[in-house]
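Each of the next two complexes has subunit A plus one other chain: subunit B in the first, subunit C in the second.
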Partner chain A sequence: MIYDHIMRTRRYVPYLFLLPAIIGLFGFRLIPIVWAFLMSFTRWSVYAPPQWLGLANYKELFSSELFWGILKNTFVYTAIYVPGVMIIGLILAVLVNNRLRGIAFFRGLLFAPVVTSAVAIGMVWGWILSPRFGILNHVLEHWFSVSNPPAWLGDRNIALIAIAFVAVWQRVGYQMVLFLAGLQDIPTVFYEAAKIDGANRWQRFWKITLPLLSPTTFFVLIISIIDSFRNFTIIYTMTRGGPGSSSTTLAYAIYQNAFIFSRMGYASSLAYILLIIVGTITLINFYFKKKWVKYKY
Partner chain B sequence: MKKFFLISTVILLLIMSVVSIGKTVTIRYWMWDPSIRAKEETLIKAFEKTHPNIKVELTTMEPKNYWPKLSAMSAAKSLPDVFNMSSGYVEGWASAGLLYKLNDFVSQLDLSKYFPKLFSVTTYNGNIYAFPFAWVTTVLYYNKDMFDEAGLAYPTDDWTWFDFLNAAIRLTKDKNGDGKIDQWGYWFYGRYAHIEPWIYQDGGRLLNENKTRFAPDANAMETLKFLTDLVLKYKVAPSKKSMTGVRQQDVFPLGMAAMWTDGSWNIENNRRIIKGKFRWGIAKVPRGPHWTHDITYAWPDSISISAFTKHPKEAWELVKFLTGPAVPVNLFMAGKVPSYKPTAYSEEWLQKDKQPGNMDLILKLGNNPVRTSFTKGWSEWRGYGGAEGMGLNGAIDKVINGEESLDKAMEESTIYVNKVLERYYK
Partner chain C sequence: MGVVKKVTLYTSLSIMGFFSVFPLLWMVATSFNSSGAIFKVPPTIIPDMLFKRGMWSNYVSIFKDYNFGRFTLNSTIVAFSAAVGQLITCSMAAFAFAKMQFKGKEILFGLLLATMMIPIEVTIIPEFLIMFKLHWLNTYLPLIVPSFLVGSFGTFLLREFFENVPDDLIDAAVIDGANSFAIYRRIFLPLAKTPLTALFLIAFMNNWNALLRPVLYIDKESLFTLTIGLTNFQSQYESQWNLLLAGSVVSILPLIVLYIFLQKYFVEGIAGTGIKG
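Let's look at the complex of A and B:
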């Protein structure tokens, strides 16, 4: 009797232990995702009950010049950020993959910006890039005698690019660590065999390192793209999306609409556009994966 | 006998406590400034002493968390009984039926003890929905040392644009002769507190009379032309662009500009940065050519009662207490004016021994007619906080950065702002 009882209840025990995680997943992920989808068809100021609008938010969005500008900014940012962190991250990883004395120090140094508060980074770079008082323009003017250095974050044509560079500087350490792990996974026998066959450094990198690193590269590509679409803090601390809306990306526009303009419905529709874009890009990446990612040696 | 006495005392005490528990009402009070929590707690203790039947449950939260939380609570109709209210939100919250009408309570008060002009900002459809506890306005800050050095007289109450421009020209200097200005006469950009006070002092309006449409009148356009010309034509103020990287409120206290118009709450930041490095004062915003009388751009921070409260009377007792004579001066940041007049006019608030020394000017401004441009959707069309680059703010910045003409920027702004306002006022 008792034995049967235990056996019967036992089957539920694992679920009991999983319950906190499941509650978290449903309560803080799935339900908000579904809720946001519903809200994207409403006008919702949070403090007043939502009003059904049908597709009006999406119509407004597609007919708004501001939205297309923001979308363009988002892609420009991604086009700088993703190749930036991946190429520089790989180069750095190859460099710190050497067995030199004190290499741990350099690895730590390059990783430091990743663990530094983005708010602090935004502020310090804000000072560096300040047109009148910043060190960058001081150097440009006095060492390189540039007569009219740009206003960087104050210039609507440059602000977004400047932010993207700072973001690359901040995040590249993370990509470096991932690549480094990938590099150390490659068995040394391949290199030794290639050396005996007379392959030079470049050939070894091109023919062995890159193909064998491809699973890592794929992973880094996916997370870098997602990372770039989600960037918020650096924009908030450096330009607040300005001048005008020249450095406003989709993620930042979602924040503005939701928490400054109290337009939760419109912000939700922006969030769904973001979801569709990131989802599509990720799907495309997975589709082309088999063409270049090699899991077997 | 002894035992009987003891037992009866215990029973009596029990009955008394049960009776008093039955009568005690708990009021939940939310405020947005955790930095003064300890002082606020002392104040609440004093309140509970004089109102033994009311218990106050205080919650403090930073504004950036305060509003999202409070909004979420309002959706569930479970707002705290009493909470801090911002002038920009009164209309939205009142029209959503979230705030308790205070008319009956307020009519019992002696309003001459307050600054009654400010109630216009917390009134919606003829009803008062929030009671001011403090208010702020905008003033012209000026660097006395720079004025002395240039041999100029300090700004007076009847200063005009002409006087101002004349001073600004003489205060703009290239001190080290490198061909670059290092002391500007004035500093401003598209920010609300930099622009609106000038428009009002020229008798102008940005919005139509019932504040449902963006329609800058001729006086407002004249003001915008004058202000943007300070950068473009007279070159007595820097472009927004060239000041990137410096916190806007630090330009004046760091001595980069001789004059600046912004909110009175900046007195605190000025004191902290300037310390004793130079002498400075505050003055009225200069009069435009179409000035007929002083119009003050001022707005209060207020306290509201939830429309869902079960204890409106007790809630009002707390509101009255938190806006009245019991509130000590040290609860107000320098430059924020207590809405209870006797406290505001006290020596302790005026701080004549500290710079700027003439804080009584602010009190005078509080008795003028008050005008604001707050509407629903204000932060969106005006361009505020995390969206500072947008809306009217961004448009004016474009002009002073030399990227667009004023006429074109205002044309675009009118379309944009009215699109926002149309969503709220059909």
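Let's look at the complex of A and C:
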């Protein structure tokens, strides 16, 4: 190929094309990743020079109740968010995967919250969940005669759960779209054959749709788990980690320790815990992918 | 399709659709309430200022008294520059990965892949120190430059697209005397209009909606983006929900309008590039 010949004579050309990406990769990803690792072994409050502490930050982490609380919050949020967006996302995808007049309108409607900012969403939900003036408690009190409706974001036991539900509400259109694409990839011959064999709708869903959807499900699972750790914006907007530290997750705690408490070293050790969790989950998923995504057509 | 099934489907879709837009409608409704009406019990379903004189007064107020015009301009500048940058960075890198052979290709690609999933919170502390050392705090630069230069998902999306462009097109251009930049600029970019549009919109959306970087890098009000303008307003004027939600409407309206007209690109781009920014 002529083109190959030209490329071979000017070896630097590909690197010119890659220059911005390489600067970005090293400057804003690789170097900060290594730097954060080193910082996690220091005490550093921006204004004074860093001081080597060895493993002290990690020791402090593992012996502090606050840290285990934060870790628990992080996983509670994930445990609500991931099944929430996946199950509702799949149901929505099945619903909008019908040839109906106006189906594009419904798809558009269900996806719309995904493009809006989590800040604006946090604001309006804060208003909806307002204990005294919010519409939700009004409906609970007067339509469903709940006598003592919860204080939602003001309640230590509920704030985090409420935020996770808001996140599910906002993001589920995304999982819907991914599942929809997966559903539309399943060849219709399978359904026609099953119909001839007398399989009912449920049997077709469990025996054809779910197994053939498993590659999509796997992909959506990874994306949703990773997505669930990126909750800084909605937490910052809705509760700033409160009341107390009852809705503080890892992402928020990193920000809080580094930039409010000026504990850059300690915050870096939190950042590394987050990195290890994300890395582990990705690896586990890749391992299990081979085991349970086995249907090919 | 049977009538029963049709009715069931339309009913379920309408219920789901209602839940998915109700909070947005409630945001709009509250933004047309006067400060007295928002604290009425029971809540007023029809906003008291709607279609009356002074209906737009909340909106006038956030633009006149609280600088939301400036915030909108700042968000536009930041999101537009970052998105254009991402198109440049990703398309050039994707072109090299798709059509060129060079040393270190596998390693570079592997590194992009490996760092793709790492949340920004992991790297934000060193990034802050870099911005601090560069004296970029309280400028647009720290909001633009990292998104300008980092875009693994966009690179993958475009690489896949570019790989499917036949080599014959390149050969023909080479015979005509085109160099590799001309080939990238005149053949590949025009062919990739659809994925480039999708990528632009997603990058624009992600940067428009971003909060962490503005919170860290900006404390001068004249440089606030809409997101930090809103959270700042929220902490200062806690009970003025009508103004806060008018501001929220302003902050989501541009994206909703873009979404209504370019829905296909948004859906394709989000499904293709995955994950929020």
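Methods note: the second predicted complex is superposed on the first by the 287 of 297 C-alpha atoms of A that agree within 3 Å, B and C clash if a C-alpha of one lies under 4 Å from a C-alpha of the other, contacts with A are read in each partner's own complex, and residues count from 1 in each chain.
Just so we're on the same page, a contact is a pair of C-beta atoms (placed from the backbone, for glycine too) under 8 Å apart; a residue touches a chain by one contact, two chains touch by 3 or more.
Owing to the predicted nature of the structure, the values given are computational and were not obtained by experimental measurement.
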Item to complete: Quick one: on subunit A, after the overlay, do subunit B and subunit C clash, or do they fit? Just give me the call.
Response: clash
Practice prompt. Using the superposition on chain A described above, determine whether A:Y81 touches subunit B (first), subunit C (second), both, or neither.
Written response: neither
Item to complete: Have a look at where A:S245 lands relative to subunit B and subunit C in the superposition and call it first, second, both or neither.
Response: first
Discussion item. Just to be sure I read the superposition right, which of the two partners does A:F259 touch: subunit B = first, subunit C = second, or both, or neither?
Written reply: both
Worksheet item: Touching A:F67, do we find subunit B (first), subunit C (second), both, or neither?
Response: neither
Worksheet item: Taking the superposition as given, does A:S45 touch the first partner, subunit B, the second, subunit C, both, or neither?
Response: first
Worksheet item: So, does A:I135 touch the first partner subunit B, the second partner subunit C, both, or neither?
Response: second
Discussion item. Looking at A:A151 after the superposition, I want to know if it touches subunit B, subunit C, both of them or none. Which is it: first, second, both, neither?
Written reply: first
Worksheet item: Residues of subunit A touched: more by subunit B or subunit C?
Response: C
Fill in: Overlapping segment of subunit B (options 1-9, 19-27 or 55-63) - the one that collides with subunit C in the superposed model
55-63
Worksheet item: What part of subunit A is shared between its subunit B contacts and its subunit C contacts?
Response: 46, 127, 130, 132-134, 236, 255, 259
Worksheet item: Across the complex, what residues on subunit A touch subunit C?
Response: 1-4, 6-8, 10-11, 13-15, 17-25, 27-33, 35-36, 39, 46, 92, 95-96, 98-100, 103, 106, 108-121, 123-125, 127-128, 130, 132-135, 138, 142, 169, 173-174, 177-178, 181, 223, 226-227, 229-230, 232-233, 236-237, 250-251, 254-255, 258-259, 264, 267-268, 271-272, 274-275, 278, 282
Worksheet item: For subunit A, which residues count as touching subunit B in their complex?
Response: 43, 45-49, 126-127, 129-134, 151-156, 236, 239-248, 255-256, 259-263
Fill in: Residue ranges of subunit C in contact with subunit A within the complex
1, 6, 9-10, 12-13, 16-17, 19-21, 23-24, 26-27, 30, 38-39, 41-43, 85, 88-90, 92-93, 95-96, 99-103, 105, 108, 111-112, 115, 117-130, 132, 146, 148-151, 155, 167, 170-171, 174-175, 180, 184, 205, 208-212, 215-216, 226-227, 230-231, 234, 241, 244-245, 248-249, 251-252, 255-256, 258-260, 263, 266-267, 270-271, 274-276
Item to complete: Please name which positions on subunit B make contact with subunit A in the complex.
Response: 67-68, 70-72, 74-75, 92-93, 96, 98, 240-246, 377, 379-380, 384-390, 394, 397-398, 401, 403, 423
